[in-house]
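Two complexes come next, and they have one chain in common, chain A, joined by chain B in the first and chain C in the second.
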Partner chain A sequence: MRIGWFYPIALLLVLGGAFATKHVDSNFVFYAGYVVLQFIVLATAWNILGGFTGYVNFGTAAFFAVGAYTTIALNKALGLPLLAIMPIAGIIAGLIGLAAGYFTLRLKGVFFSIATLALAVVLETAVANWGYVGGASGSYVIPPAEVPFFDNYIEGLFSLMLLLAVVAVGIARYIALSKIGRGFAAIRDDEVAAECMGVPTLRLKLIATTLSGALMGIAGAPYPFYVTYVEPTSAFSLTYAVNSIAMPLIGGTTTWFGPVIGAVLLGSLQQWATVTISSELNLLIVGVTLVAFVVLAPQGLVGLARKLFGRGGRTP
Partner chain B sequence: MLDLFLNAIAAGILLGGFYAAMTVGLTISFGQLDIVNIAHPAFIVLGSFCTFVLHEHAGLDPLLAGVLLAPAFFCIGIGVYSVYYGSFERRGDESLRGLAFFFGIMFILEVLLIMTFGVDYRLVETSYIGESIKIGVIGLPFRMLVPFLAALAMAGGIYLYLSKTFTGRAILAVAQDRLALQLMGADPVRTKQIAFGIGLGTAAVAGSLLIMLGPVEPSVGRLYIGRIFAIVVLGGMGSIGGTIVAAIILGVVESMVATFYGPSWSPAVAFGFLLMTLAIRPSGLFGR
Partner chain C sequence: MNQPPVLDVVGVVKRFGGFTALDGINLTVAPSERLGLIGPNGSGKTTLISCISGSLIADDGQVRFQGQDITKLTPHRRTGLGIGRSFQIPRPFGSMTVAENVAIPLEYVGQGSRKEIASEARDILGLMRLDHLADTDARALNQIELRKLELARAMACHPKLLISDEAMAGLSGNEVDEILEILLAVNQRGVAIIMIEHIMRAVMGFSERIVVLDAGKKIADGAPEEIMRNPDVERAYLGE
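So, the complex of A and B:
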C-alpha cells in the first residue's frame, strides 16, 4: 500500500487553505468554496456506499439535514459550539444510516434505495412538525461574532470544511486501498459469490451505510452557521441527493478520486451558473448531466480517461 | 364516534382505490419487469399538469383528458424503456446506473415543471367534483368516488388484458422466463417495451385523478414514492389483485390515522408501512 504522497499533499492543502484566508480579501471565494468543499464531502460519503458497494442512497438530504438540525437543536438547548456538535451529528446520522441499512439491506438492494428516498420525506415531515427547531417556518442561528485564528466566521467555516473534505477523502482512499475496500468491491461485483467466499457481506454493508451516513451528517452540521437561516424545504432539498449522486457518477464511482473530480467540476459549474444564470436552469443542468453520463459514459470521466490512455480500461 | 369511524373507513377505501390507480403501472414495471422506475410518481405529476393544461385551455373533462393522454405517455414509456434497455439492462448494469437514470429523469421532470408552472398549487374544477352522495351516515364525495371507480375500471381492464390476450400473457411470462418466451415466438424486448409503455400510460390517468382529488404542485410526487412502492411489495410484486387489496389497506390505515391523530402524520404512516412490509413480509400478502 502506497501512502507516501497522499498525506503530505493533504496537509499542504489544509495549510494552503488556512493561509489563503489570511491573504484573499474576497469573501465570495470562501462562500463559493465552502459549497464546493461541502459537495466533495457529500459525494465522497455517498460514494463509500454507492460507488464502492453498489447500494444507491437517495437520502443524502435526509442525513445532511439530520446534521443541520442536530446543530440547531443542540445549539438552542445547550448552547454547544459547532466543534462539539459535529461528532454528535455524525453519531446520530450514522445510527440512522445503520438502522436504515439493518432494516432493508438483507433484501434486494433497491429496497434500501426506496427506503432512503422515503426516509427523506418522513424526516422532513417530522422536522416540519417539530416546533422547537422552528417547524415549517424555519429558525435563525446566530453565528459567533469572533472565531479564534480567523478574521471572520466564514473563513473559519471554509477552513473547517476544507479539513473535513480532506479527512473524508482520506477515509475513502484508506477504504479503497484496504481489505475492507476489496470486500466492498466483491459485494458490488457479485454479492452471492462474495458471501460464498466468506466475505461478511451484511456487516460490511452496515459499516458502509453507517460511515456514509455519519459523514453526510457531519457535513450538514456547519450548514446552519453558513446560511444562518434554516427551514425544512431547503435543508431537505432534493438537490443534495441529486448532486451527491451525479458527482461520483460523473467522476467515476469505483475510485476514491472520482467523486472529488465530479464535485469540483459540477460544484464549480453550479457556483458559476447560480451567479450568471437562474438557479432552476442550474438544477436542470445537473439533472441532464447525470442522465447523459449514466447513459453515455457509464464509467465517468475516470473511465473515459482510462479508455483514452489505455490504462486498464474496463470493458463493459 | 361511530359515524366518524365509518366515515374514516369509507374515505380510506376510496383513497385506497386511488392509490391503486397510482400503483398499478408500477406493479407492471417494478413488480413484473423488475425495472425500478422511481420516476413513476413524477410522471403521474406530469400527467396532472398536462390534464390541467387540457382542462384549462381546451375545456376537456379531467378524466377524459387523462384517458386521451395515456397513448402519448405509452409512447414516452416505449422511448424510456428503449434507452433503459440499451444503456443498462443489456449491459447488466441496472442496479447503480439504472437507478440513477430514473432518479435523474424524476429530477428533470420536477425541475421542468417548476420552470414552466412555478411552485404554486394547481387544481381543476368541474361540475361534479364538489358534489357528494350520502349513504346513511357515510358521505362519499365525488372527488374521491370518481377516482376510486376509474381506478377499479383501469385495474380491471389491465387485469383482463394481461390474462386474456397474447401480448398480455407474454408480459406475465417475460419476467419469469425470457428464453421460454422467445421459444413461444414473442420478442422479450418488444414485450417489455409494451409493458413499460402501459405502465406509463396508467400514470397519465392516475395524474388526472390526482389533480381531481386535490391541488397539485410539481414536487408532490415525492410524497407518494414510499406509498406506492410499499403497495407493490405488499401486494406481492406484480399481482394486480394484490395491488388493489394492499392499496385499500394502506388507504384505510392512513385515513384512520389522519382522522384520529391528524393529517400531518400520513407520510410517516406510509413510511412505517413500507418499513414494516420490508421487515416482516417482504414477499407480500400473497407471496409467491
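So, the complex of A and C:
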C-alpha cells in the first residue's frame, strides 16, 4: 500500500508539537496556538459540509458548545477525565448533526443556513435554563493539577488539540480524495443532477452533517478546561460561527487544505491583534478580510493561486 | 413486440395543487425501442418523464421498470436499476472536467476500479465525440458540447432506458443530425430511448413509435405516419 507524504508529515507535526512543549518556555505560545489549532478543527469540520457539499452552516457555535457542555455535565456528574469525555462529546454532537441534517436538509440555500442559526439559538436558550450546568451564570471547571508527560496543563491541551487538528484534517483529506468526496462535489455543483446520476444525495449529506457536527463537538470538549469558566454567551459565541465560515472562504472551500490555510492566517492574525492592538478588534479583522476575499478572490487563496498558475480553463 | 416491456406506466396521475398535469397516463416501452414523446408546451411531457426518472413521485398509478414497481423509489435507486436521463437545460458539474463529470455516474452506478472507470469514461466520451475535451472544465463547454455531455453522463449510468429531454432544442441542422447519429449509436447497443423533442423532422425520423400528450392526457400512440395523419394531433397543435 502506498503511504504517500501526508501521514509522515502529520506524524512529524504532532511529534514536533509535543517536542516543542519541552523546549519552549513561554506559555503564551501554547495558549495562542491552542486557539489557532481549535479553529483549524472547526474550519475543517465546517468545510466538510459547507465547502464540500455547499450547505452553509451558521450553527458551528451550537455544536462546539454541545461539546463544551458535555464536558461540564460529565465532569460534574461522573468526574470523567477529558480524554474519556471527548469521544462522547463527538457522538452527542454527531447525533445532533444527524438529526439536524435529517430535519433541515430539505431546505436549500439560505433557508438551511437560517435553520442552523435557529438551532444555535434554541440550544443556547436550553443550556441557559439548565441549572445543573450552571444556567445563564455559568460554571467552573477545575483542571487537574498534574498531567502525565507534560509540565503543565496548557501544554497538554495544546498537544491534544494539535493531534485533533491533524486527525480532523486527515479525515477531511481522506474524504476529499475518496468516492464520498466526489459525490459531495457533485451535490455542491448540482444536487438534482447528482441524484439522477446515481449519487445517494440524502445519505451523503447526512454523512456530512454527522461528521461535521461530531468534529465540532470534539473540538469544543476541551474548551471548559482551557478557559476554566464557561457560560452560554461565550460558549455559543457568534465568533465560532463567523470564523469557521470565514476561514475556509479565505483559504478556499473546495479543497481539504483551504480551511487549514485560512485558519492559520486568520487565527494567527487575530491572536496577534488581540495582544498588540485590542481584543475587540478580532471580529472587525475577520469581517474586513472576508469582504475583501469575497470581492477580490471568491475562490479563496487556493482558487487565486490556481488562477495565477493556470490550472483548468479551456485548452483549445 | 412479444418481449416484456422495459418500462410500463399504468394510469399515472400527477397533480400540482388543483392543476392535473398528468391524468391517467398509460405507456409501455419495449426493450431497445425508439419512442418519441411529443405534445404542445405544457402538455405534461417533462412531468411524465420526471415521474419515470423519480424527480417527481406520481400521486396515483404505477411505474414499473423491468417488471419491478419503482413508483416510490428515489431517483438514484432508479438510475441504479437502469434509467438514465439527460436534462432539457444542461446541468453539468461545473467544478469538474468533462471526464470527471462522466466518472461520477460510473463510480456510483458501476463497481469498477478507478482505472476501469477512467477507461470506460474515455469510451463513452469517444462514442459522444467528446474525447478531445475530456480534460476541459465542464463550465467552459458550448451548447452542443453540453448536450453531448448530458447524453454521455446518462450513458455512464449503464441505462437500459435512456430518456432524452429535448437534447436538440436550439441546435443547428448539422448539430441536430450529429445528436441523432449519437442517439442511434446508443440505441444500437440495445438501449431503449424515449425522445422528447419539438423538432418534428428529428423525432419523426428517429422514432419507431410516437406518443402524443395533450393537457395531461395521451391522445395518440402509433407509428409516425399514422400520427402525422391523426386529426386529434393536428387539433392539439394547431387548434380547431
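For the reader, a short list of remarks on this structure follows.
Basically, the second predicted complex is superposed on the first by the 307 of 316 C-alpha atoms of A that agree within 3 Å, B and C clash if a C-alpha of one lies under 4 Å from a C-alpha of the other, contacts with A are read in each partner's own complex, and residues count from 1 in each chain.
Here is the rule we use: contacts are C-beta pairs under 8 Å (C-beta built on N, C-alpha and C of every residue); 3 or more make two chains touch, one makes a residue touch a chain.
Worth saying up front: this structure is predicted, and the values here are computed from it rather than measured.
In the three-chain model built by superposing on chain A, chain B and chain C fit together without any clash. When both complexes are overlaid on chain A, the residue A:A62 reaches neither chain B nor chain C.
With both structures placed on the common chain, the touch criterion links A:P298 to chain B but leaves chain C unconnected.
The wider contact with chain A, measured as residues touched, comes from B rather than the other of chain B and chain C.
Within the superposed three-chain model, A:G50 lies in touch with chain B and out of touch with chain C [touch as defined at top]. Of the two partner chains, neither chain B nor chain C is touched by A:I72. Superposition on the shared chain A places chain B and chain C such that, viewed from the Cα centre of chain A, they span 70 degrees in steps of 10. In the superposition on chain A, A:L290 makes contact with chain B only, while chain C stays out of contact range.
In the superposition on chain A, contact is made by A:T104 with chain B only, not with chain C. In the superposition on chain A, A:D190 makes contact with chain C only, while chain B stays out of contact range. By the touch criterion defined above, A:L119 reaches chain B but does not reach chain C. Minimum Cα-Cα distance between chain B and chain C in the superposed model: 7 Å.
Taken together, the two structures place no residue of chain A in contact with chain B in one case and with chain C in the other. The touching residues of chain B, counted against chain A in their complex, run 36, 38, 83, 87-88, 91, 93, 95-97, 99-101, 103-105, 107-108, 110-112, 114-115, 219, 222-223, 225-226, 229, 233, 264-265, 267-268, 270-271, 274-275, 278-279, 282.
Of all residues in chain C, only 53-55, 74-76, 79-80, 85, 87, 91-97, 100, 103-105, 107-109, 135-137, 140, 153, 156-157 touch chain A in the complex they form. For chain A in complex with chain C, the touching residues are 179, 182-183, 185-186, 188-190, 192-202, 254, 312-315. The touching residues of chain A, counted against chain B in their complex, run 50, 54, 56, 58, 103-104, 107, 109-111, 113-115, 117-122, 125-126, 128-129, 238, 241-242, 245-246, 249, 253, 280-281, 283-284, 286-288, 290-291, 294-295, 298, 316.
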